[in-house]
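Structures follow.
Look for subunit A in each of the two complexes below; its partner is subunit B in the first and subunit C in the second.
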Partner chain A sequence: MGLRIINRRPGRGGALFWGALPFLAVLALYLTFSAMRLAENPNDKLLPALSTIAETVVRLAFTPDQRTGQVLLWVDTAASLARLAWGLAVSAALGLVIGIASGLVPYLRAGLSPFVAVVSLIPPMALLPILFISFGLDELSKVVLIVIGIAPFLIRDLAMRVEAIPPELVIKAQTLGASTWQIITRLVLPTMLPKLIDALRLSLGPAWLFLISAEAIAAQDGLGYRIFLVRRYLAMDVILPYVAWITLMAFLMDWGLRALNRRTSPWLTRGMA
Partner chain B sequence: MSTVRVRNLWKQYGDQVVLEHINLDIPSGEFCALVGPSGCGKTTFLRLLLAMEQPTRGTITIDGKPLPGEPRPDRGVVFQRYSVFPHLTVEENIVLGLEFARAPLTGRLYGAKKRRALEEVAETIERVGLSPSRTKYPGELSGGMQQRLSIAQALVRKPRILLMDEPFGALDPGTKAQMYVLVRELWRAERMTVFMVTHDLKEGFSLATRVLAFDKVRHDPQAPEAYGATVKFNIPLDDKAERAEIVSKLPALAATENEEGATRGRPWARLFDFAGTTRRKRRESHERTSV
Partner chain C sequence: MTISLKRISAFCLGLAAAAAIACSPAGAVEKKSFKIAWSIYAGWMPWGYAADSGLMKKWADKYGINVEIVQINDYVESINQYTAGGFDGCVMTNMDALTIPAAGGVDSTALIVGDFSNGNDGVVLKTGKTVADIKGEKINLVQLSVSHYLLARALDSVGLTEKDVSIVNTSDADIVSVFTSSSDSKAVVTWNPQLAEVAAVKGATKVFDSSKVPGEIIDLLVVNTGTLKDNPALAKALTGVWYEMMEKMAAGDEAMLTHMAKASGTDLAGYKSQLVTTRMFYKPAEAMEFTTSPQLPKTMDLVRTFSFEHGLLGEGAKTKDAVGIAFPGGEILGDAKNVKLRFDAEAMKLAAEGKL
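Right, the complex of A and B next:
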């Protein structure tokens, strides 16, 4: 009798193989169709050969642009990451402060939570014109879009998690003489930091979405700006590596945040708690 | 000193009366075990003493002063679960009470002050046998060690009253026996008044100096929520021989309780009728001999 399929587990090498399989399949599919199209028309732009993409990457990442004298990929990356970092930082700060305040203090919860709930339901993209009108077309409006997009989620998530702290712990802290402020600094903040980082990881997708959208509509640089600029020339050899680059950075951020969590909160992984 | 006086205490949630008509005078330094069938309001009474909740009617005073409206360091607490802070090591958990008292702004001591505070609590850590685990997180400790940590943590602020809600409910028998010795020791050393909720009668009768049995005295079959529980029996156990007699009879009574199934209230009533009778008989025989 063989084992049930739910009880059969791949080994280390097996897991690596099964994990790589979908990536390799997509790559093979691309190469096949690209070769087919290029055989029909050597000037086809939709599915460029890997060699063409490689040439473009060298031009974008290592050669100064003829017109501006800047290396485009790095200029775009720096501009996008700066906006993203500002948006994430401001959102995280808002999430932490408002989330803890509204989760812990009943009066603030009564005042804030309906408002935040309603704000979180406004589609951020619908506000973009207002942001462009009121904050101008440069950096601020893009950062504000990211903040409007993800801060309400972070606030609500944090508030819910603060409310879910076992009341026994809050009572115990009070019987040890803690003031509200001390409860925040010694109990709530340290136990909520890993939850905030987890929520931030989940927000990375939406944050990139709002960033690319804002850059696509009005910007002079940035990854989203470039993709939408070269779209007019059907420059798939630029778009594809840019998308891969964005994905790689998003993946590294997610991985970095998870590593940060394990480093800053060792108690999460030690023992059963 | 911490004399607890309860006058005409009622607690209800909406239409459901949980506790009714409770009157108690507990002298300072008493070790009270709160027993009774589940859902009879023992824990609610403990929460009222803690000021986690407010009574619907009636008053609780400590040394004549009304209970403040929120938990304070004069009343320590040990819960059955979630009793220690998971993100702090054993040492940090215990020193926390001193840090709250000495660092109002940050709640955290540094350098020489931190070292001094750690020296102060070293004895407490030693007394509950956690010195070898000083730098471990609660998640790495066994259930018994977590409860010892919780007790040590509560004792750091030198509470006059210690409240425990089924503190040993989740522990194995061997660990329980160790905990009893520890708790008796600490209670004597600190001269606290202790209130301990337990569903284990033997635990109650062997540890406490007074057993408070909660149960309903009035029943309305049409409206089971109309009446709450009260302190049905208030049995001081200052006589050692008497305590021994009751504890020795407990297994037999517990056995009959199992045979008939745990009909709500009844086995308890029989048990305490028994305890009450023993008292009366002893008192009578005492009176006879003294005459």
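Right, the complex of A and C next:
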């Protein structure tokens, strides 16, 4: 039995090794191709050497830009994070309020749920030209794109989870004399907050996608702006570190939300192994 | 039993090596089949016609080669593909030839100087009437493109600098809708056919266009220098087909013009109006004269200065001399040891002498 592959488990060191392997393989592939292209053409921009990337990172992250006097990476990061934070905050608020309302109040559910379901099926990118025209080219249209992209998902998810609250809990609260408002604040809200945070974690990917797309089309700063700007002259030495930086931030946000959930709702993991 | 680490790493290395061999850039050797990329623009439409009409095949057959003409929807992507080695040649402007393939170390030759923009690129203001009114405005344009260059030239003409305006990078596909419907957008720099549409907006004024800086935005057919050297037939076939088409165009060949108009998404009248602001070199002698004139190095100096100041020559470029540009007659601008962009009049000369 022990010989079957499904029963063989890597140890702690083994898990680390197997986890690192794909990263190392990608790195090795990159270095191989990069070295080959650079041997043929020392100015190749497609797969720059790690040393070139490092120089560019120093310039972007620690040296003020010659023309504007700003340090580009931080300006871009601040602009993008502000847009993302607005988008996520507004979506979370909408998700919480509309989700709870339509999950708990049958009349609101009857009125809202088909509409939200239809809205959630509109591809947000297809709306982009309309958004630019109605909300201008500034921050607002970018935030609105994120909201349109992820709020319907949050609303539907929360509404379904409210509906899934065991009815005996709601009935028990009512027999104890709770008003609708008290049921919301004492029963529904505490149950829903961790679910909202989980749903937000799942929305991070789409939120970044919409942010970068909006920045690519019209912007003065931002991570997506920079990537699509330097694409014009094939500056992979800028694009690759930016992609890595975005990935790192997305990972940290996911991790942070998970930690927040553990902290604010410790009962969630209680009783688990 | 465990699968040994050694075996795994050997496997990974093998895989990497196999992939590396499969993807390695092709060395310069004599070959028979070539790929040329083009994208939609008034002065480049003949390439589409060359492919569709069979003229390209006729000329390729004459020199015993095979040339595939591929249309790419995204202009910058087509240049990137060429720079990465996916194509042997590609149409592009003089500025993009310098900042993308040449700055990227791909030795490129401007084989055919097809035309220059003579009003095809312009600055349009919604309320202002002169270039000076642009001061303090927010301008929508494709940053780092010829539009950006044209804006710099326009500002320069009234003693302003880029510090006096703010630039919003805006995709060329969205510029028309943004300008016509958003009150945010008060100034744009763009090219045709978008330029015609924004200039037609009620109250808008075209305050500057490329006819004020004639001959500075040049549209080229750029071919990999190594490929060209190893395959003289390619230059002959491409130049031959081009000037046969130019002759037809100059003669007003209705069928050809209609075909090109349709392919560029307009009608015959629309296409003809785009040609008015495009200074085509219908005769090879004209193109040759333009390419050998002392004005061209001066233009390229302006372009490389702009490019360097905007960081377009890349991280490694410490001065605007980093990338060398060679002209017919042996004049070289910049680093003579790193010549990556060459203007060559030889093929156009052969065409002018009727030797193709």
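FYI, the second predicted complex is superposed on the first by the 268 of 273 C-alpha atoms of A that agree within 3 Å, B and C clash if a C-alpha of one lies under 4 Å from a C-alpha of the other, contacts with A are read in each partner's own complex, and residues count from 1 in each chain.
The criterion applied here is as follows: a contact is a pair of C-beta atoms (placed from the backbone, for glycine too) under 8 Å apart; a residue touches a chain by one contact, two chains touch by 3 or more.
This one's a predicted model, so the numbers in the text were calculated from it and none came from an experiment.
With subunit A as the common reference for superposition, the partners subunit B and subunit C occupy compatible, non-clashing space. One of subunit B and subunit C touches more residues of subunit A, and that partner is C. In the overlay built on the shared chain, the residue A:Q174 is in contact with subunit B alone; subunit C does not reach it. When the two complexes are overlaid on their common chain A, residue A:Q220 makes contact with subunit C while staying clear of subunit B. Contacts of A:W267 after superposition on the shared chain: subunit B is touched, whereas subunit C is not. After overlaying the two complexes on the shared chain, residue contacts for A:Q182 are found with subunit B alone; subunit C is out of touch. When the two complexes are overlaid on their common chain A, residue A:D254 makes contact with neither subunit B nor subunit C. Of the two partner chains placed around the shared chain by superposition, subunit C is the only one that A:K45 touches, whereas subunit B remains out of contact.
Within the superposed three-chain model, A:P166 lies in touch with subunit B and out of touch with subunit C [touch as defined at top]. Contacts of A:P190 after superposition: subunit B is touched, whereas subunit C is not reached. Applying the stated contact rule after C-alpha superposition, one finds that A:Y233 touches subunit C and leaves subunit B untouched. Closest approach of subunit B to subunit C, taken over C-alpha atoms in the A-based superposition, is 41 Å.
Residues common to the contacts of subunit A with subunit B and with subunit C across the two structures: none.
Listing the residues of subunit A that touch subunit B in their complex gives 166-169, 171-179, 181-182, 185-187, 190-191, 265-267, 270-273.
Within the complex formed with subunit C, the subunit A residues making contact are 3, 17, 21, 25, 28-29, 32-33, 36-37, 40-46, 52, 55-56, 59, 67, 129, 132-133, 136-138, 216-220, 225, 228-229, 231-235, 237. Residue ranges on subunit C touching subunit A, taken from their complex, read 1, 5, 8, 12-13, 15-17, 19-20, 23-25, 76, 80, 83-84, 99-100, 103-106, 140, 142-145, 162, 166-171, 174, 177-178, 181-185, 309-310, 312, 314-316, 340. The touching residues of subunit B, when paired with subunit A in their complex, are 50, 52, 70-73, 75-77, 79, 81-88, 96-97, 99-101, 104-108, 136-141, 150, 153-154, 156-157, 159.
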